[in-house]
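In the part that follows, the structures are each spelled out as structure tokens.
Both of the next two complexes hold chain A, though its partner changes from chain B to chain C.
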Partner chain A sequence: MTEFNLTTIDQTARRLNEPAWLIELRRRSLARHAELAWPHPSDDIWRRTDVRLLDPAQGFAPTAPELLARVALSDAQLASFTRPLGEERLIVRVNGSFLSPPPAMDHLRVEELGRAAGARPEAIRRAIEADGLTDAEQKLASLNLAFHHDDVALTVAPQAGPGAPIRLVRIMAVRPQQAVFPLTVITIGAGSAVTLIDEYVSVPEAPGTGAPHLVNGRIEIVLEQNASLHYVRLQRLDLHAREFLLQRATLAQGTTLTMTNINLGSALTKAHVMTKLVGPGATAKLYGFVFGHGAQHIDQHTLQDHRAPNTVSDLQFRAALQDESRMIYTGLIRIAKAAQQTNAYQANHNLLLSRTARAETIPMLEILADDVQCKHGASTGPIDEEQAFYLMSRGIPRERAQRLIVMGFIEPIVQQVAFAPLQERLRRELEGSLSDGG
Partner chain B sequence: MATKPQVNINEDYDRLYGFHVPERSVFKAEPGLDETKVKQISGMKGEPAWMLEQRLRGYRHFMRKPMPTWANTDLLNSIKFDSIYYYLKPTAKQGESWEDVPAEIKETFDRLGIPEAERKFLAGVSAQYESESVYHSMHEDLQKQGVIFLDMDSALKEQPELVRRYFGTIIPPADNKFAALNTSVWSGGSFIYVPKGVRVGMPLQAYFRINAKNMGQFERTLIIADEGAEVTYIEGCTAPTYSSDSLHSAVVELIALPHAKIRYVTIQNWSKNVYNLVTKRAVAHEGATVEWLDGNLGSKLTMKYPGVYLMGRGARGEVLSVAFAGSGQHQDAGAKMIHAAPDTASVITSKSISKGDGRTSYRGLVKVHAGAERAKSTVRCDALMLNEESRSDTYPTMEIDEQRVQIGHEATVSKIGDEQLFYAMSRGLTEPEAMMMIVNGFIEPFVKELPLEYAVELNRLVQLEMEGAVG
Partner chain C sequence: MTKESPMTHPLLAVEDLHVAVEGKEILKGLALAVNAGEVHALMGPNGSGKSTLSFCLMGHPKYAVTAGRIRYRGEELDGLSPDARAKRGMFLAFQYPTAIPGVTIANFLRAALRGVRGGDVPVKEFRQTVKTHLKALGIPDAFVNRYVNDGFSGGEKKRLEILQMAVLNPALAVLDETDSGLDIDALKTVAAGINALRTPERGILLITHYQRLLNYIRPDRVHVMVDGRIARSGGAELALELEAKGYEGFKPAIEPASV
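Right after this comes the complex of A and B.
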């Protein structure tokens, strides 16, 4: 059986034809993983999720090359995942390979990370280095950096106009107990404006067994000066997936990021969504939606890291929770001493749709500059009975009234998705998956 | 432009509260702590065996428990437990009237204005100096109604049954490292029992002061309001300024039986080398209300999170706090609300101000247990930052295991708005006056809940702290 060791690293790197420095980084990351302790339960950011469930050494196998060749996907499945939404530029990867050669498009380059790392070593190294991560984050993120295989570098040249949205669909057909390590590095060149939809799908080969699979993902977004990005992450992992995600965005001077994270799948998710505002005048609008159902456990951490003056961040994460799902939200706004005239906002709203759903929320502030405006708000509660009563008094049956209220709760997030056909699909999907009775 | 006065805050503290009279204690234990010393303290006080047992249990937990890993670990780990004096007995016997109290202690309390305050406003007053209460009195009519207001040591002698029934039931010896330490070496503090249906109209008051250096003060307070009873208790704290640090580690337990109401008011103005690490918790039974009003102005490091366990239907808890951290200070204060019954409600309002390189942190927990239907909780934290070096943190936690609840949290951090200042100054105020007015407005929700003389005192203290804030 293949294990999480140097042999696996070397095999993977050879297959991907990577430059020496990237292989060295893989090896160092494995050593780093070995020397770091697992997060301690006294750490508020980690205590509510059993991180051992995300440890690949607990019975998971790395993705052997021979597995990648076998695609156990039916044509119908493939078609359903890749059906165009509208006029987007569609790029599909299945099990670590492009379904068809990435389209040659003006200003846009989509390639495997190894190739980008050879051509632009400094830019790629800067994007994936671990600077600013806590030891606990590195414990898990170093595994991705050691074993990443389904890796993509998406680069937009400077001064590129908006054009049609780019949609990258990542399909992972997984065997029971398999661990996959997708990595994406997105660089938006100075002055460019782009819309990007980043979709992750996992499909178990043998869904009947109920065996889990592990997805340890990493996304790095780099906005160069005055760039603007509308980014949507759609998480459609299978309900047997356990997910760790480190998603970071670094914003240079004058940039604008609008980011929407939509979580629809997985059994367990521990996601760290971090935004570093390092250039003056950068703006980040961060939205998130979790639709919890079954016994899902979603642990979502966000960081709004203001390091430069005149920066703005506005975060809104919402969760609608039914059945026995559980949502944990921990969010931190950190304003460095240098980040004067900063404006930061953070909101977390949880709607409990069943008596057994649970929500925990810890919105935190650490403010070291004085000339700032900083606020956060959080709320947790069931559907407002007065709203339901109002709708019912207009002749709408209770079940439908509840669905309408939930859809109204989700709508502010859906509206942030900068591609109308995707908004429409999300509304249909979400409404369809809301169970009656609430 | 207004002139920018340069004021050293500690200078004013010294003049007003920083005096110390020569120590003249009847008994002073050696510094440091071991089992023998715990037995010695208990023996000196002639305590019953169960209390010694309790102290020894506390001692063992204290030795075993780790230091908290939050707030300010550097400061916490710098505490030298071995050089602290754990027990000091200032005078051989407790005075019944003011005249009996030894002259130098009287001088101390005269300067603090205690007897005057008593004559004017207060139903009963108890002052703790070092470790034991030295003076204590209560109006006759309250005594007639059966209200018991004693220092904790006397209560253990005179009301052994009541003390034994409730002592350590809300905060057990193993609760945390500092509660364990208090359990092992506690001395003094207040004991109040208000019988069924009795409403104490005027507030009961205690005053705590540390005089000796390297001194630990570990008072233990227990307040029981029986069914339908009502009481307000006020405590104030100061210490002189010594170059070496002191430790204050109190345990306060409040028990509000069905439909009772307890309001507990603290204005903490320890000098800026005191570690103020206290555990305060209340239980509110059916229909009962507990309110904590908590003002933190002094100390080097304060860690204080008053809590209310809402155990009966319709119980209500409120924490209203103000924290002011000047240079070199860290106020890590907050609140805990545990909803364990239906129809319970809680409100937390926290106002904090940081100045110079001062740091304020709000740390709180709202927990709603499954079955606590229709629980409601509102948390509101506002922070003002007065200087570039100031720091403000907010760490609230909400754990909700029940669907039918309404839980809300809001926090803001900002500096004084330029438009606000401009508006006030365009009406003829100087910049310091305008700032003072805005700060007063900011803490108004707290101040207006205080008895008049405390409101005046608090405003004056804040004014002192604010001097030199402009610029």
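Right after this comes the complex of A and C.
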């Protein structure tokens, strides 16, 4: 059995044709992982999720190079995941290879990370180095940096106009107990404006076994001066997936990021969604939606990290939870001393659709500047009975009334998705899931 | 025609109705009958139990019938869910309509029409129906793209209630203080909307605190409600008497000790 060791790293790096510095970074990351302790449950951000479930050494196997060449998917499966939504520029990757060569487009380059790392070492290194991550985050993120294989660099040249939305679909066909480590580096050049849909799908080869698979993902988004990005992350992992995600955006001066993270799948997710506002005048609008069902356990941490003056962050995460699903939200707003005249907002709203669903929310503030506006709000509760009565008094049966209320609850987040055909698909999909489980 | 024929039943018959909210009795033996084609005005001071009656008629789960009964076309309603009542042709225009953020009026109306009809409504027919009523009420078409009552002014809320009533076409409409909070122009529009729905098949119960709505809608019967009961009933002239004298004269002879 393949192990999580230097031999696996060397095999992977060789196959991916990586430059020496990137291989060296892999080796250092493995050493870093070994020397760090697992996050301690006394830490509020880690307390409610058993992180050992995300430890690949607990019975998981790394993705051996020979697995990368295989596509264990039926044509029908493939077609269902890659059907165009509308007029988007669609790029599909299956098990670490582009399904067809990424289309050559003006201003847009989509390539293997190894290649980008050879051509633009400084930019890639800056994006993926671990600066600012806590030891606890590094414990898990270092595994991705050591073993990443399904890795993509997406680069938009400076001064590119919006054009059609880009949709990158990543399909991972996985064996029982397999661990996969996707890594994505997105760079939006100065002054460019882009919409990007970043979709992750995992499909177990043998779903009947009930065996878990592990997805340890990393996404780095870099916005250069005055760039603007509408980013949608669509998580469609299989319900046997255990996921760790480190997703980070770095915003230079005058940039605007509108992000929507939609979490539909996985058995367990521990996601850290971080936004670094490092340039004056940067704005981040951060939205998130979790649709919890079954025994799902979704633990999301967000960081709004204001490091420069006149920056704005506005975060709104919502969860609708059915069955025995569980949502944990911890959100930290950090405002550095230099980040005067900053506005930061954080809201977390949870709708409990069954008596056994649970949600917890913990806001955290670290404010060192004195001239700032900072607000947070949270709510957790069942369907409002007065709303249900109002709808029912119009002849709408209870179940349908509930579905309408839930869809209304989700709508402010769906509205943020900057591609109407995807909005429509999400509404249909979510409403369908509600009628099955509600 | 036998005595059991539905034709012999009033549209709505409330008999000796006692209703408690969270253990406190609010309605204390109320009786009222509304026939098809009639408009009844139910007037009374704040706290007399008018809104309790309206919620109870529509089957709000918080309002427990402890004695007496409500019959609609002869059928006893106790235990029927609000949507089942709506499906039978009952409608309540709320005094304080509830906001449903994220749900457009168009979606909501379509679900409601499907609910009361018990089957699908063709899109084209639905659009036409809504359009006709919007025009009649002087409401711009874009109104239906807004979220239900979300951020609405008082007047917009009341207009939406009347729009729903027009689209759903109920046999019995209970309008709870539909005149409150309206300026004179909005009041005239709303009253015209109600008058347009006055047909020989429909019964209307207008619950109101003030007489001014009755300047625009002439009721067939007026009831004065005090402390959970009907204190007096009469014709349209009773409303004018109330306007002149106030509710003082209608207070029960013996004040309950607890008040």
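The definition used in the following text is that the second predicted complex is superposed on the first by the 434 of 438 C-alpha atoms of A that agree within 3 Å, B and C clash if a C-alpha of one lies under 4 Å from a C-alpha of the other, contacts with A are read in each partner's own complex, and residues count from 1 in each chain.
Simple rule for what comes next: a residue touches a chain if its C-beta (ideal position, glycine included) is under 8 Å from a C-beta of that chain, and two chains touch if they have at least 3 such contacts.
Keep in mind that this is a model prediction, so the values were computed, not measured.
Novice: After superposition on the shared chain, which partner residues are touched by A:R52: those of chain B (first), chain C (second), both, or neither?
Specialist: The answer is neither, since A:R52 touches no partner chain.
Novice: Report for A:L404: first if it touches chain B alone, second if chain C alone, otherwise both or neither.
Specialist: second
Novice: For A:P363 in the superposed arrangement: first (chain B), second (chain C), both or neither?
Specialist: first
Novice: Between chain B and chain C, whom does A:F389 touch in the aligned arrangement: first, second, both, or neither?
Specialist: After superposing on A, A:F389 lies in contact with chain C but is clear of chain B.
Novice: In the superposed model, does chain B or chain C contact more residues of chain A?
Specialist: B
Novice: Counting only touches as set out at the top, which of chain B and chain C does A:K337 meet: first, second, both, neither?
Specialist: Only chain B; A:K337 stays clear of chain C.
Novice: Give me the intersection of chain A's contacts with chain B and its contacts with chain C, in residue numbers.
Specialist: In chain A, no position sits in both the chain B and chain C interfaces.
Novice: Going by the contact rule at the top, pick out the chain B residues touching chain A in the complex.
Specialist: 69, 383, 385-415
Novice: Tell me, which parts of chain A touch chain C in their complex?
Specialist: 384-387, 389-398, 400-401, 404-405, 407-412
Novice: For chain A, which residues count as touching chain B in their complex?
Specialist: 42, 44, 337, 340, 350, 352-382
Novice: Would you tell me which residues of chain C are touching chain A in their complex?
Specialist: Contacts found on chain C: 58-61, 81-83, 85-87, 91-92, 94, 97-103, 107-108, 111-116, 147, 164, 168.
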